[in-house]
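Here come two complexes built around subunit A, the first alongside subunit B, the second alongside subunit C.
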Partner chain A sequence: MKTWIWLSLLLCAALWLSLFSGARSVPLHDAVQAFIAADSTNADHVALLYVRFPRVVAGLVCGAALGAAGMAMQVLTRNPLADPGILGVNAGAAFAVTIGALLAGRADGALLAFLAFPGAAVAAVAVFTLGGGLRGNASPVRLTLAGAALSALLISLVTALVLIRGESLEVVRFWVVGSLAEARTRPLLVMSATALAGGAILLAIATKLEALALGETLSRGLGTRPRQVQATVLLAVTLLTGAAVALAGPIAFLGLMVPPIARRITGASLRPGILASAMLGATVLLFADVAGRLLFSPSEIPAGIMTALIGGPVFVLIARRLSPGAIA
Partner chain B sequence: MIRQLLLVFLLLVATVLALGLGQASLGPEAVWQGLTGGDDAGALVVQILRGPRIATAILVGAAFGLSGAIFQTLLRNPLASPDVMGFSAGSGLAILGAVTVNLAVPMPIVACAGGLLTAAFVLVVARPAVGRTSLEGAPAVTIVLVGIGVGFTAAAFGSFLMTRLSGPEAAEAQRWLAGSLAARDWSDVLQLFGMVVVLVALLLLQVRNLRLLELGSELATGLGINVRKSRLGLSATAVLLAASAVAIAGPIAFVALMAPPLGARIARTTDAGGRMLASALTGALIVVLADLASRAMLPGLQLPIGVMTGILGAPYLLWLLSREIERGEL
Partner chain C sequence: MTKDCRQRVPSAPLLRGGVSRRALIGALASAFLSQPLKRACAATGSLVFEHAYGISTLDRPAGRVVSLGYTTQDPLLALGVVPLAVRQWFGSFPYGVWPWAQPHLGDAKPQLLIGEVSMERVAALNPDLIVAIGSGISKAEYRVLSQIAPVLMHEADDADYGTPWDKMTRLIGRATGKTGEAASLVSTVRKQFADARERHPYWKGKTAVAGFHWRSQTGAFTGADTRAAFLAELGFRPTDRVAELSGPEEFYANLSPEDLSPLDADVLVWISNFDEAPDLVTLPMRKTLNAHHEGREVFAGALLAAAMSFGSVLSLPFVLEQLETDIAAAADGRTDTIVLSAQKAGLLP
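So, the complex of A and B:
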C-alpha cells in the first residue's frame, strides 16, 4: 500500500509541476478560477486551459500507455530490451501517419492520426515474427536488431516523406523524436479512450500472459492458448502505442526504462506491475517534459529527446548485463 | 582478380552516370569534355558541382567499406560495422558538439577523436566482468548490442545539441547528420584523400596480422603476433577510416554494413586482402549510386543520402537477420 501512495504522490507532483511551471507563472488562485469559471479574456486562463492542460493530459496518457506497453512487450518477448520505440512499433505508427498526410496532401488532421494504429500493428507483428517470437524463441539480440533495423528503415522513410512535403525541421523532429508541445492540436479525447481500452485489455489478459511467460508448454498445461494470448497482448500494445504516437510522436525508451523499476517495486506479479509501470511512465514523461521546458527556457527541448537522453544509457546498462548465453 | 575488375568497371560506369545525370542531364561527350578541361556550362557542372561531389562519394564509400570489412573480420560477425555499433554516431556527435561551441579545431580531428572515444567506451563497457583476461575480449553480440545503445545515446545527444542551434544552422545540421554530400568542393576531396591514403597505408602494414587473426587467437599467438595489440591497431585504423568519412559526409548509415558481404559475394574472394579491396570498391559503388538516386530520383528535391542508404540498407539488415536466424547462427 505504501508503494502505491508514493507512486501517486510522485505522479501528482509531476502533474502539478507540469501544469504550473513554464514561461508564464500562474498563481494557484487564478488556476482554480480557470477551471471553475474560465474567462476567455484572461490570458492566464487561456494559456492554462488551452495550452498546458492538454499538454499535461497528453503527457499523462502517453507516458502511462508507453509504460504499460513496454511492460507487456518485455514479458511477452521475455526480453529486457523490449520497448515500443526500440522494436520499431513507434516508428511504424509515425510512418503510417506521415504517409497518410502525404497521400491526403494536407497537414495531419485528427482523422489521419488514426492511421497510427494500423502502422503500429503491422510493425509490432513484423518485428515479433522476424525476431522469432512466433516460434517462441525470440532472443533479445534478434528482436532488438530486427527492431532497430525496422526503425532505421521507417525513420529514413519518414524523414524522406516529410522532406518531400517540404515541411519544416520542427515537423521532422516531431515525427522522429516526439514531443508534447503539439498536444493541443492532437485528438486528445479519442486517443485517451483508446489508450484506456488498451490498458483494460492488458490488465484483463495479465494473468494469462504471466502463465505464457513460464514457457509455452507449461502455459498450455495451465490452460492458456499461447497464440490467442500473444495476439491479444499485441492488440493491446498496438492500441497503447498507437494512441501514444498519435498524441506525442514516437517517444523512445520510456517503455524500456520504466518496467524494470516497476517490477522492482511491485514484485513478480504482473497486474500491479503494469499499473505501477503506467504510473511511473506518466511521471517520468511529465518530468522529462518539464525539464525540457525549463532547462533552456524560453526555448524548449522536446520530451522525446529528454527521454532518449536518459534511456540510451539505461539500454547500455541492460545490454551489458545480459550474459552472452542469454543473448544468443 | 577478373571479378575485382568487374567491380572497378561497375564503379566507372556509375561514376560516368553520376557525372552526367542530375537536375541538368549531360550526354557522355559533355561529361568527357568536362573531364578533359572544357569551359562551357556543362563542363563547369562536371568540374565544379558534380566532380568533387562524386570524388567525395567514392572516397567516403571506400573508407566506410574498408572500416566495415575490418570490423566484420575482426569480430567475425556480419553485424559488426561502425554504423551499427555507434562509432559513426560518436564521430557525428563530436562534430556537432564542436560546431555548437564554435571549437576552432579541424573537423576531421574532432571526428577521429569522437570515433575513437566512442569505440573505446563501447569496448570497455561491453567487456564482461569475469574473464577479463581472455584474449577474445567481449563476445561480438554483446559489443554489437552495447554499441547500438551507445549509438542511440549519441543520437539523442545530437538531437539535444541541435535544439541549441539557430533555425538555419539546425536545418543544416539535420541534413548533415542524415549524411549529405551536398556542397563538397575540391579542398574537401583533397583532405579526405590525404587521410584515406595514410590510413590505407597503415592498413596494408597490418593485413598480415588480420590474416593471422582470422585463424583464431590461439593460432595467431602461436604464429608470433601479439593478439591484443594487433586487434587494437586494426580497430583503431577502422575507426579512423569511418571517422574521416563522417567528417566530410556525415554518418551515412549502412554503407559499412552492406559493402563487405556484397563485395565478397561479387568478387568471390576469400583472402583478407582481396575482401578489403572488394569491400572498398563496393562501398564506393553504393555511395555513388545512392547519391545519384538521392539527387535525380525526385525532380526539384534532394534527399539526404543517408535517407537513401537507410531505405536500401535496413531491408538488407532485416534480410541478414532472418537468414542468420534460419541458419540458427544468431
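So, the complex of A and C:
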C-alpha cells in the first residue's frame, strides 16, 4: 500500500510541475480562474489551457501507455531489452504516418495520426516473426537485432521519402524525435480512450500472460492457448504504442527503463507491475518534458530527446547485466 | 521550413560525402601542376577578392559562372550573366529560378544542383568563376573547388548566410566585369525603398517583426536576416524583445509557445513558406497579441515568403510591390483599414 501512495505522490508532483512551470509564471488564483472563466485574450489563461494542459494530458497518457506496453513486451518476449522503440514498433507507426502525410500532401495531424495503428501492428508482428517468436524461441538478442534492423530501415526510408519530395526535414522531425509540444493539435480524447482500451485488455490478459512467461509447454498445461494470448497482447501493445505515437511521436527508451523499476517495486506479479509501470512512465515523461522546457528556455528540447538522454545509459546498464544465453 | 533549409541542407557530414576521393586527388594533382602558372598571371590587372576563406584572383572578368550560393542566381541573372548551373534551395521552379527572376532567364537552361555539391559536376561545366556566397560550403570544399575555378566567398565580417543584398550584387558585378551595372541596379532598388519611405513617413520609428510559425514552433527573424532586413529598409525597427534576441550569427529566434509577446509589434508580418495559414488561424496564443486585435498582421504566403527569404536585388522590389499596401494598412494604427493578405488567410480579428 505504501508503495502506491509514493507512486501517486510522485505522479502528482510531476503533474503539478508540468502545469505550473514554464516560461511564464502563472499565479495559482489565475490558474483557477482559467479553468472557471477562461479569457481568450489573457495570455496567462491561454498558456495554461492551450499550451500546458494539453501537454500534461498527452504526457500522462503517452507515458502511461508506453510504460504499460514496455512491461507487456518485456514479459511476452521474455526480454528485458524489449521496448516499443527498440523493437521497431515506434518506427513502424512513424513510417505509416509519414507515408500518409506525403501522399496526402499535407501533414494534417488529426486524421493521419490513425495510420499509426496499422503501422505499429505490422512492425510488431514483423519483428516478432523475424526474431523467431512464432517458433517460440525468441531470444533477447535476436529480437533486439530484428527490431534495430527494422527501425533503421524504416527511419531511412522515411528520410529518403522526404528528401525525394524535396521538402524540409522538419516535416519528419516530429515522427523521428517525439515531443509533447504539438499536443494541442493532436486527437487527445480519442487517443486517450484508445490507450485506456489497450490498458484494459492488457490487465485482463495479465494472468494468462504470466502463465505464458513460464514457458509454452507449462502454460499449455495450465490451460492457456499461447497463440491466442500472444495475439491479444500484441493487439494491446499496438493500441498502446499507436496511441502514444499519435500523441507525441516516438518517445525513446521510456518503455525500456520504466518496467524494471516497476518490477522491483511491485514484485513478480504482473497486474500491479503493469499499473506501477504506467504510473512511473507518466511520471518520467512529464519530468523529462518539464526539464526540456526549462533547460534552455525559451527554446525547448523535445521530450523524446530528454528520455533518450536518460534511457541510453539505462539500456547499456541492462544489456551489460544480461548473461549470454540467459533468458531473463 | 526555410530558415532551416539553410542550416540543414549544408550540414557538414552530408557535404563531406560530396567530395569523392577521385575528384580530390585529381584536384590536388592539378593544383600542384598549375601553381607556377597561376602566380605568373596574377600580376597583370587581375581582380582580387579577399574573403572569409582567403583570397581569390580572377585574371579577367568571368563569363562562365556556376552559382553555388542558394540565392546567387538572382544577382547573376539581374546582371545579365546566365549561370551554367544553379543551386537548388527550395521550391519547385524549373532551373531553381523563382518567378521574380524568370524574365531574366530567357531561353537558357542552367543545370540544377540539388543537395550536396558534386565537384565532378561543377568541374564538367568548365566554369571560370564559382559564386559560393551563401552556399554553406566548408573550407575543405572551398579548396577543392578553387582548383576548378576561382571561388567567390562571403567576406570575413559577414556570417555564412549574412551577406547583404547590395554587397552581394556589387561583389558579383565586379567579378563579372559589370561594376557599373551592379551599382545602378543597387541604386535603383535603394530608390524604390526610399520612395516607399517617403510615401509613408509615419513608418519611421514604428516597430515591425517578421514572425514564423511552423508546426508547434513560433519565432521571429532577427538581426541581419533578409526578412528582418527588408523591414528595416522600410524604416521600421524590431521590438525591443526581438532586438534582445538578435545575435551576429543567429538569423532567427525561437520563442516559447507560452509567451509570444516579443512579436507584438506595430506591424507583424507572418512569413509562411508553406502557406500554413490554418495553423496560424488555430493558434490560440496569437489571439492574445495586440497586433492581432488591432488588425496589424500581414500574411506573406509561399511566394512572398520565399521572395523575402531570398532578399535579393530581384526579389526585394517584388516584395515591396506586393506588400506595400498591406504594410501601410497594418501600420496606420487604424482598425478600419483592412489588410487584404491577412483577410484572405483568415487572420483578421
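One rule holds for everything that comes next: the second predicted complex is superposed on the first by the 315 of 328 C-alpha atoms of A that agree within 3 Å, B and C clash if a C-alpha of one lies under 4 Å from a C-alpha of the other, contacts with A are read in each partner's own complex, and residues count from 1 in each chain.
One rule holds for everything that comes next: a contact is a pair of C-beta atoms (placed from the backbone, for glycine too) under 8 Å apart; a residue touches a chain by one contact, two chains touch by 3 or more.
In this text the structure is predicted, and so the values were computed from the model without any measurement.
Student: On subunit A, do subunit B and subunit C fit together or clash when superposed?
Tutor: Subunit B/subunit C on subunit A - steric clash.
Student: With both complexes overlaid on chain A, does A:F315 touch subunit B (first), subunit C (second), both or neither?
Tutor: Touch status of A:F315: first partner only.
Student: Quick check on the superposed pair: does A:T144 touch subunit B, subunit C, both, or neither? Answer first, second, both or neither.
Tutor: First partner only, subunit B.
Student: Which partner does A:E210 contact after superposing on A: first (subunit B), second (subunit C), both, neither?
Tutor: After superposing on A, A:E210 lies clear of both subunit B and subunit C.
Student: Just checking: does A:D83 make contact with subunit B only, subunit C only, both, or neither of them? Give me first, second, both or neither.
Tutor: Neither subunit B nor subunit C is touched by A:D83.
Student: Figure out whether A:S299 sits in contact with subunit B (first) or subunit C (second), or with both, or with neither.
Tutor: It touches subunit B and subunit C both.
Student: Can A:S156 be said to touch subunit B (first), subunit C (second), both, or neither?
Tutor: In the superposition, A:S156 touches subunit B alone.
Student: Identify which of subunit B and subunit C touches the larger number of residues of subunit A.
Tutor: Answer, by number of touched residues of subunit A: B.
Student: Considering only touches as defined above, state whether A:A43 meets subunit B (first), subunit C (second), both or neither.
Tutor: Only subunit C is touched by A:A43; subunit B is not.
Student: Once the two structures are superposed, pull the subunit A residues common to the subunit B and subunit C interfaces.
Tutor: 163, 169, 299-300
Student: Under the definition above, what is the set of subunit A residues touching subunit C in their complex?
Tutor: Touching subunit C: residues 22-24, 40-43, 46-47, 49-52, 107, 163, 166, 168-170, 174, 179, 181-182, 184-185, 293, 297-300 of subunit A.
Student: Which residues of subunit B touch subunit A in their complex?
Tutor: Its residues touching subunit A are 79, 125-126, 128, 139, 141-142, 144-146, 148-150, 152-157, 159-160, 163-164, 167, 170-171, 174, 178, 253-254, 298, 301, 303-304, 306-308, 310-311, 313-315, 317-318, 321-322, 325, 330.
Student: What residues of subunit A sit close enough to touch subunit B in their complex?
Tutor: 81, 86, 130, 132, 139-142, 144-146, 148-150, 152-153, 155-157, 159-160, 163-164, 169, 172-173, 177, 252-253, 296, 299-302, 305, 308-309, 311-313, 315-316, 319-320, 322, 324, 327-328
Student: Can you list the subunit C residues touching subunit A in their complex?
Tutor: For this pair, the touching residues of subunit C are 1-2, 4-5, 8, 88, 90, 92, 114-115, 214-217, 254-261, 274, 279, 282, 284-285, 287-288, 293.
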